[in-house]
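In what follows, subunit A forms one complex with subunit B and a second complex with subunit C.
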Partner chain A sequence: MNTTVAAERSRSQPLRLAALLKGERLTTLNLFATFILICLIFASQSDFFLTLDNFLNVGRTLGVVGIVSIGMTMVLISGGVDLSVGSVAALSGVVTSILWLQADVPLGLATVIGLGACVLVGFINGFFVAVMRINPLITTLASFSIVRGLAFVLSSGQTNQLSNPAFQFLGRGDVVGIPASLLLMIALFAAAFVVMHFTQFGRNLYAIGGSAEASRLAGIAVRRHLLIVYTLSGLLSGLAGIVIASQLASSAPRAAVGLEFTVIAAVVLGGTSLSGGKGTLIGTLVGVFILRVLDNGLVQTRVSSFYQDVVSGSVLLLAVGFDQIRQKLAAAVKDRS
Partner chain B sequence: MFRKLLSIIVVVSLVAGMLLPLTAFAQDNATCATAQDSYTIGFANLTEDIVFTQLVRDGILSAAEEAGNVEVVLADNRLDGATALANADNFIAQGVDGVIEFQTDEAFGNVIMSRFRREGIPVIAIDIPMPGATFFGADNYNAGRLAGEALAAWVNENWDGDVDALLVLELPQSGPIPAARMQGQIEGLQDNLTVPVAEDMIFLLDSKNTQEESFQVVSDILPTIPDAEHIVAVTINDGTALGVIAAAEAAGRADQIMVVGQGADPSGQEAMLAENSRYLGATGYFAENYGSYLIPAMLDLLECRPVPPAIYVDHVFINKDNLCEYYGESWPDACPVS
Partner chain C sequence: MTAPLLTMQHIVKSFYGVKVLDDVSIDLFAGETLALLGENGAGKSTLIKILNGDYRRDGGEILIDGQPVNIDAPRDAENLGIRMIYQELHYAPELSVAENLLLGALPRRGGALNWLIDWQQMNRQAHEALALLNVDIAPTTKMRDLSVVEREIIEIVKALSRQARIIVMDEPTAALTPPEVQRLFGIIRGLQARGVGIIYISHRLDEVFEIAGRITVLRDGKHVGTNPRAEVTHQSLVQMMVGRSIEDRAEVRAQSEAITPGAVALEVRGLSKAGAFNTIDLQVRAGEIVGLFGLLGAGHTLLTQAIFGAIKSDSGTILVDGTPARIASPQDGQRAGIGFVPLDRKVNGLVLDMSVRKNITLSNWRVLTRFGAFQRGLEMQHSRNWVDQLGIRMAGGIETHTRYLSGGNQQKVVLARWLEANVRVLLLNEPTWGVDVGARSDIYDQLEALAAQGLAILMVSSDIEEVLSVSHRILTIYKGRLTGEFSQSDATQEKLLHAAAGGQS
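Right after this comes the complex of A and B.
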């Protein structure tokens, strides 16, 4: 009897090890460890890195990437991608400023309409991906270009000043000392976390990302889910655009250029798979913090901007590469057992 | 008789002296292979996405219309050397008489120019020199210096010449031209401050030519200079300057900063006019006037009249005090007609 139990135990040990190695918790723990390590390195190089002022500054400046990365995580988990997020962010600021400054629409209503335009773009993306079944990369690459062009057409290429203190609160203000944009980002992360982990909708997204066809056969309304997820991504991108306009007190059609790459980097760094079906919002949140803290620390330690790009890219490659090695190791351990 | 003969000789000489230049001109025009009654000029813009280049395009079109005998064919180089080369080939195919090139990639300059040279098409290059082309554009170092000097004068008057930190919002990836602009600003400031800023308090920050990046890097650097009460910033353009100001405002340190920039485009002008503005001003490049230099210069080239190898814009430092003089029509509320 004892021999059988021992044999069972010895057989199950490699499986447990494989499960542990493959687990998302370990990915998140790795990320936390990387984040702490980066913080320690910068703290040893700059007396100002671990100060309250700097903490608030980092909090104030990561909201944009953080908010967009929530939508991007959901889109990637569903097996898609959204390259239009930067252009959509620019559109929300441009529409808001034009309605407010040129059409005398009250600022609150102008902001709502600006966000509405972004929801529409997200919905159109979702329609082409889910209903027309056009590859999401192609669809959102097209909308990336169309929406940016629209932003230029609407604004005639001009930057508009938005010098309204109430409007600037979201990007610059704080609530009991904590930046408002950081609080907004955390609240959105919390809501998205609940949706992804405690609702049928969230679980379905993972299933769709794993296999859309199998999900359809299992009775999941794939099209509806994809429509919702792209629309949500449009809304969150628009919200990020409002945060940018609020921070800079201006809107520009060139705003958020390259945002899609930063956001995808943060999400992938956080452990979300580009092939869908896998990823966590906590991982994304840590990924967002890592990229922002890297930029912050490199600027404060006066590293040349050319090296900053090299370092950011290397960290992304190392983190993702390390994770791939770990997963292959897990697969090997499982096969051997 | 002798007097009569002398008078005739004098009169004939005078008449000949007066006619000679005209004859020479007629001869020049006859030998000037590119001279015609009307011309088609190609203008390849740097990009159509920014205000500055839109103003350049509009200025060229309006100067061409004024000239009366010039038709302009437009192209967009989209900030890309390969596109500029394709546009150059299109211009040749369309049989343009002369070309005004505004393109960013120095490496493509040689190739583009070899095509135009082969066809005998004269070229004027805006802002980025191309081998064999007449250069037209900003006098970058001096433009920068004007802004630096203005900032130093303000600091000497308002902060007793005392500066704790200098933020330099540059654009290192774009090579020597923006670098000359930045060098001019730094030297214009340092040479004129009562006490120059210490080397270790000069922060070189990559603006990446965007307001957001400028906002972020300045937000990152401000916590490292918590004791600095007098901070100045020199910037590559108006957008970058506005990003610096936004960062200082967000950090609650707007009253500790004063900023100068380059360009004086409408967004910069609006910021200068704001109450308690931290944007002292910007060197004007007058993009809208480029056409009034470029079209006559191109006509000179086409009609074989001498043209200097480089033509520079006359820069002026634009601030709240002289804005109405240059851009009064754009700001009717701030600049009432006297």
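Right after this comes the complex of A and C.
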């Protein structure tokens, strides 16, 4: 008996080291440090960077990516991916403006129907992934293309005006000096945080992403969870589309092209695993901040805009690469115990 | 006597100040099978990894043919003729046996450019290699179409054809049926006849007694002893491995006298699924452990899956506590009060990258949540309770990811989840597959305690000793039909094997 206790105790030492290396807290902490570092670099290069005005500038650009990344985080945690988010965002604006301008539907109702269309797309994505068991990459690649096409068909490729003060408030308005879209994003993040970290639904999503079959055999309704997650991603993408339309006071079928990549980059940067089961919304939030601040800072420091994509891609690779090394290290420590 | 083929002397290895191998010495002669026994963490795999150059030893010597050698990397081991056959085989499933055997050294033709694969020559070489061990597999068969044991045999043939002198097999029989094990043993004897030395790692003592000439036992990184097979018994080996004596379960059971089972908790009537099982009728009473014994593919695993709702059955009725239950999904099964422990706990039983706590509460959250949110304190209290009751041991506490638990403790976590979900019936599939001897007996104790508390347990197992020692009653299944029922007192190995092979009882 004594020997086993001693063995257990001695074995726990490397385990603790491994746990520390592997901890998700450290990932988030690293990220936060990266964020601060980036801010410091830009602050030393530009006088305007650290001003309140610039902060609000950044805040205004956070909303769209932030809102979509909430849904994307949940989808990735459940072990899937949603490539259709950019197309879906374009769809909500197009549907809303068409209904308002051409069918005389009141703008409020038109917006709700526009969002409804996105919910439907999300639900169909979920149906094909969860019920038909088609690979999510393929499913959402198809809807990425179909929905973008539909946006062009519905709008005949035209940009439509959406000038209405109430509608524009979401994209351009402030509440006590804080951009409304930023507030919306923060509220949604808070709600999603509660769901993912305190409820059974969130716990189940992690479990499903970790092992869908083990979750099913533990009595979790896997299909229902996946349906909900993709539907939610559709809704949030639609909402982001409304924010875009509201910011521009118009809807365009070309809106939000490439949004899926920015969002996935932010989420992965935030420590969410592409293979599912792992990730946090806090991490995603920091990831979104980093990408946006990077864009903003590069503009402030007058780096050619051609370099911006190069830089944000490199940051992604560095951050994820560093994380990978850290986890390998943790695994190595653990293996040897 | 000539010098041993391999000698590992006074091997010492530490990780971060923890000694995992402490002065371990083994030797291996040509044409011999040496069994390496020990519980998880005893140092078997570290020793083997040192031999293979995966780890560097801190102290000690390795000699081959009496000459000291340096093994600093896997490549060194390969050059010395040391080959590993791991549990998980790596092969290209869509390629033929011949291509897999000669991968990396495919014969070429086509003149000066030499670009083309010489298929004829390749198949001929493969055929010759297979003939060395009298393996009757066509070189053109795709790997995908082979059985598990055939793939292992191909791996062994490959090792031999690449001048292996020492072959290490790590639990080669973990996924094999008894006839397949015999086939593998035939191959091992062929290797011995060719002068290859074999180090054989297994948890199955009966196999070790059959195939090994000598048996080495490690415990807590120390060499406990090496003995010729004739000089040890089943019990003495277990004692060496565990460091204490474990009573013979069947004897203890016989003394404690028959249990008195309660009312029928699970009843299955006429359950059928085409191609899997046919008009199954069975009952399990509260407090009873019923063993379901059959050979691989007999339909027992599918039967338990169907009872739980993991797969759909074509017809039949399932009653829990006398009430018919409509079971079409695992949620239905769980709601009806049935728990299911799947065959492969790592893949299907646990979410490996989730903590012990979260895995335990995965199925039972209605009690633990208020307005959909977890009550952290209550959840902690419940999961701690099961950790204590079942004796789940983990180095890093209840937040340790289940990936890092030993097999036995992982299995207990799966059990704890169903106990937390408050089930009445537990369906177990091979509950001690890949579990240490010591931990095995611990799991049996837990199962008996749970039965004593009124749980009805149906246990599928292909380990005949396990079925005989743990079950109160034993059913045999053959090609989807129940072929026999035995009380514990009149079941014997012969009777069970006879019934499970389709003979009339």
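Basically, the second predicted complex is superposed on the first by the 326 of 337 C-alpha atoms of A that agree within 3 Å, B and C clash if a C-alpha of one lies under 4 Å from a C-alpha of the other, contacts with A are read in each partner's own complex, and residues count from 1 in each chain.
Keep in mind that, in the parts below, a residue touches a chain if its C-beta (ideal position, glycine included) is under 8 Å from a C-beta of that chain, and two chains touch if they have at least 3 such contacts.
These numbers come from a predicted model, not from an experiment.
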Combined model on subunit A: subunit C and subunit B, fit or clash: fit
Which superposed partner A:F198 touches (first subunit B, second subunit C, both, neither): second
Touched partner set for A:A221, first subunit B, second subunit C, both or neither: second
Partner chain in contact with A:F48 - subunit B first, subunit C second, else both or neither: first
Which of subunit B and subunit C A:Q247 touches, first, second, both or neither: first
Vertex subunit A angle, Cα centres of subunit C and subunit B, expressed to the nearest 10 degrees: 130
Which of subunit B and subunit C A:N57 touches, first, second, both or neither: first
Subunit C versus subunit B - closest C-alpha approach in the superposed model, Å: 32
Where subunit A meets both subunit C and subunit B, residue numbers: none
In the complex, subunit C residues that touch subunit A: 15-18, 20, 41, 220, 243, 308, 310, 329-331, 333-335, 340, 342, 347-354, 358, 362-363, 365, 369, 372-374, 393, 395-396, 400, 404, 417, 421
Subunit A contact footprint on subunit B (complex, rising order): 48-51, 54, 172-173, 203-206, 208, 210-212, 215-217, 219-224, 226, 239, 242-243, 246, 249-251, 266-267, 270-271, 274
List of subunit A residues in touch with subunit C within their complex: 3-4, 7-8, 10-17, 19, 194, 198-201, 203-204, 206-207, 210-211, 213-221, 277-278, 333-334, 336-337
Contacting residues of subunit A [partner subunit B, same complex]: 46, 48, 51, 53-54, 57, 60-61, 152, 156-161, 163, 171-172, 244, 247-250, 252-257, 295-296, 299-300, 302, 304-306, 308
